[in-house]
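One chain, chain A, appears in both complexes that follow, with chain B as partner in the first and chain C in the second.
Presenting the complex of A and B:
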């Protein structure tokens, strides 16, 4: 009898890893809460699509301002993030810098915003820092990777008396300038998305209006906000030109708005009182610290971690499946020009809608369970990976007599793109987990749910510990994903 | 690189301009987002105009996205006055020594929550919470709500001797009362807990379909909403300012304005009025 192990498939590491993750996701599925709980999900979905077809751009006078604020927060946040990230990248060889960068990027923009809201309140600084801080961590990592890739030869040819700074500026930067530029502009697009969703926690960006319109069932208003957002993202190549960039960066700080004044005493209070665990504050004896901590970890952190992991694993595999199904839509080996254009539009919409917004919409339409979250994560991330490998597959040249249709897909293309597909998927593993945690704010019982509950109860000490747990979990997944990619010899470029 | 440095310099300049614009003394207030935002913006926009006329200072209403954001803004002195629920008011006054509850709606000392059910459950109005509710799905309003979470949870625990997530098969937080009604009406949740004022005004103006959702249980009375003001407003806006705000709120008699709350009028309030809420919140671990 032929056992499992002797199947040719299972002899490949890649195949074994894939099967392992699929099985793991199925096990997670058995433990998770997947349901459509609304009575008329399709009716609501149709009303939503009808709202998109009949957008109402004039319902809210603030919409134009919201567009401006969304852009301003993104420009300022990404600019500061890229400068700080670049400086960090220069000293990235130090473990402490790497750890610090990994830590700040492990905390989601929305968590950062929730933290700053507690002491800066509705001041523009809250939005700017919420983007700038995690982005510097990401920039630090990617910039340092780009700098490491630079050919050392030009540097070696320089005279030994050439200073470090000149050598850096003339022998290293020119070689990777194009990559730095491409990545930074790509990150700017991510910045627009981050900026938009900050509105969900009360900052004056597009998400603010989207949340209001949606929660009240005003689908035409919600449709208008979404369409504006797509228009903004889709036209980036037209209005974000290298020559215009300095102008935008200079102008952006003036369009952040006033917000409300910062009271600096609040900052001090937050760090010296609010986030100090209650049993350790002045007047407390400190004896109850361990019971306090273990109760927090057992009652909130553990269920939060469990649900976060369940959702992450299911979303990861769903993302993979969707990406593999979606990439032929834009691959030149399938369909015709018209069908590929349609495919491009679909994938652009999927990847430019932040997971948070997708999950929010689907939760409203289908009711609370993990299902809307899995679908949202899979749509967004599957859209990104599908786009990347679809584009890659178009560069593959097939034999003139190559099979067509499903055979072409299964035997010619998938095997060729599979390694880079897996590389992208594992790269996004950590990103999916970051989002999974944050979706808790929408009512799914992942870590974000408990963080939000602690904040709603004005217990920032608990919130900070839970955010810390989230960050550590995320760093853990990051390390694991890097190990797996190394083991399978997968290489990839960064995506956001 | 250069452009980035210029950018940073501009940022610093821009930051300074915020500091200047903030110097003008505007009396800012907020409210917990317990209902649909459109209703809140209309209501508090009208209050803003009314107070500006009465107080002779610039008044601004700032909408927020969560109960905690309202409390934090009050605590951080970014707003000086707030329309809080029972629990958020207690949280805020604990965090800001010297702050006071100054006015409440005439109905607020005897406030109630209703447990509502989708008619497909077949549940009928009951005097005591029955075991028929077990294993159904249930939604509260906001996590920080008094009438949408704190009091209903207290009475549920009292009736069943268990936490809500053990009694019901699924427990959610809709975010606000309007949404709670909508979700139970649509059957997304079978049961929900809602502020009785929001329920009654929705039934009155026809926005609630009572063929699909009905009240099955009413909580006992408890104190709820109130206007709370910071203790340091006199130092900032002049002697007697607190008294002036209190009088303005108590004298609010424009029927249109009152209808928007909806309250029949405003009466004096004190911090002690909310002791029962404080004790309940402590017993549920919602206050440190």
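Presenting the complex of A and C:
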């Protein structure tokens, strides 16, 4: 019998890495709480689908306003984010700028919203900044990568007295303008999703209506919100036109709504009192700071990190499995026109539904455990990667006598798309972790749960430290993922 | 350019290996030098090295041309004089060129037989048109020294001669790498032959025949 070492798979780095991650996820599975706890999960699921089939668009007059607010927050937030990100990209070679950008993008939109809610309240600024800040960190990184790729030769040929701005406008921007534009409009779509889920923390966007409809059991209303959201995303190519963009961007600030006025006293108190660790505040001696901190870290941060890591690793592998199973649905090497159209619809729904909304729905239906979270993360991310890989596989030309069915899948296609599949998967590792932490707000014991509880108990000092821990964890995963992608020589375009 | 250019210790490295020199070259004002030698001999490296030394003094046509693909021919040529105007003028030109520049650049393009391509983006040009755009840029530059690396390799015979004639007329002094021996002898006053990273031949053009140059290619 041949030994394991002589099996071809054990020689390939990508295969070894994949096997390692699958085994790790199985170990995580043994430690985690996977269960359906509601009494009638399938009945609830059926009622939910019935709600989607019988949407009620007119139950609440606020729905139209919610659509408007969702768009307005996204446009203003993404515009500010892209301008700030562009400026940061120009000085991205400085380590401090890179670190700053990595830090602000490691904190999820919802965490930013939770922070701003504490001192700006329900003012439009809260929603705008919650999107603009993390997005500028992301834009800074991607823009600088795009700018770095431009051929340096035209710049080298200029007279040395040519001003920096002229040189930039002639020799740098034109050749990457198309890429900058494509990426920015792609981010705008991500912005609509971010804006929608900000409703879950109380801002007047679509998520707010979805949550209230769901919590009252009005499934037809919830169905209407979801369908509106899909329609909005699916029709983007029709209504987001380059010529219309300036109009949208200029009009958007007027549709943010008034919200509540900012109480500046709250702002001052937040920074001078609320977020100062309790043992260091006025009147306290400061001696109890270290016990306070270690208690926080041991009792909340550590279990939060543990659960976040467990869930992330399981979701990562589940995403990969789902993406590999899903990509043939839209690949031109399988099925017929009809089946591929069906596949496209499935994947569009999976990838346009934010994981937060999916997780919320599944948690309502199945009860609190890690299962709904894993399924939600896998559906959304698997949908995205499945779509990208499926599209890529359609460009592959097979020889006329290529095998069909499972053999075609296993011998012809998977080996060819596997490197880019892994690249996308590892790229999304950090994104999955950011989302995993956030899903804690829904009641799973990841870091977001502890952040949310601290905020509920008006312990902003603890909340800030836990958010900081989350950010550091994300940065760590980002670095690790980049190392792995480099070691396996994987390259990819950014996704969100 | 008034004084002779004395270039010493020119050496080129590739992957840690010395591929050229160290060699010295003196360029007298008014000299038109053709660099000849087979592919890989180090002609391109030498053109680069000279450009690194002289900087703004010279107009350069690199082998890769260095065009901005997304910009029209007009702007690619105009880039040669960005230093002559303030930033505002340059930015306005990006959106709406001034008549004087348009006329000047159209004039140059007419000589190169591609005035009709003034507003075509560089990405949509053929290889020969791209090469002529880079030459137009060099012609538009306020410099009397030209450094060029195979500037007419993608042009057909008559056009190659016309362009070399233009360059000879416009630039007082030039160093041009040419693989075409006939062009080299016709348009230069001095031929410098490179072989194995060293200068193997350096003589006045009118004292040479094609047969003298051929050994460099063996």
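Rule of thumb we're sticking to: the second predicted complex is superposed on the first by the 493 of 496 C-alpha atoms of A that agree within 3 Å, B and C clash if a C-alpha of one lies under 4 Å from a C-alpha of the other, contacts with A are read in each partner's own complex, and residues count from 1 in each chain.
The rule is simple: a contact is a pair of C-beta atoms (placed from the backbone, for glycine too) under 8 Å apart; a residue touches a chain by one contact, two chains touch by 3 or more.
Predicted, not measured: the structure shown is a model, and the values here were computed from it.
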* To do: Using the superposition on chain A described above, determine whether A:491 touches chain B (first), chain C (second), both, or neither.
  => neither
* To do: Could you look at A:200 and tell me whether it touches chain B, chain C, both or neither (first, second, both, neither)?
  => first
* **First (chain B), second (chain C), both or neither touched by A:250** => first
* Structure fact -> Partner touching more residues of chain A, chain B vs chain C, is chain B
* Examine A:368 and indicate which partner it touches, taking first as chain B and second as chain C; both and neither are also allowed. => first
* Is A:170 touching the first partner chain B, the second partner chain C, both, or neither of them? -> second
* Asked: Given the touch rule stated above, what does A:156 touch, chain B (first), chain C (second), both, or neither?
  -> second
* Is A:178 touching the first partner chain B, the second partner chain C, both, or neither of them? -> second
* Asked: For the complex, which residues does chain A have touching chain B?
  -> 33, 37-40, 44, 76, 79-80, 82-83, 117-119, 121-125, 200-202, 208, 211-212, 215-217, 245-246, 249-250, 252-254, 256, 258-263, 266, 278, 367-368, 443, 452-453, 455-459
* chain A contact footprint on chain B (complex, rising order) -> 3-4, 6-8, 10-11, 13-15, 17-19, 21-23, 28, 36-38, 62, 64-69, 71-73, 75-78, 91, 95, 137, 142-144, 170, 172-173, 175-176, 178-179, 182-183, 186-189, 286-288
* **Residues of chain C that touch chain A when the two form their complex** => 55-56, 60, 62, 64-71, 75, 79-80, 82-83, 86-87, 90-91, 94, 137, 141
* For the complex, which residues does chain A have touching chain C? -> 151, 153-154, 156-163, 165-167, 169-171, 174-175, 177-178
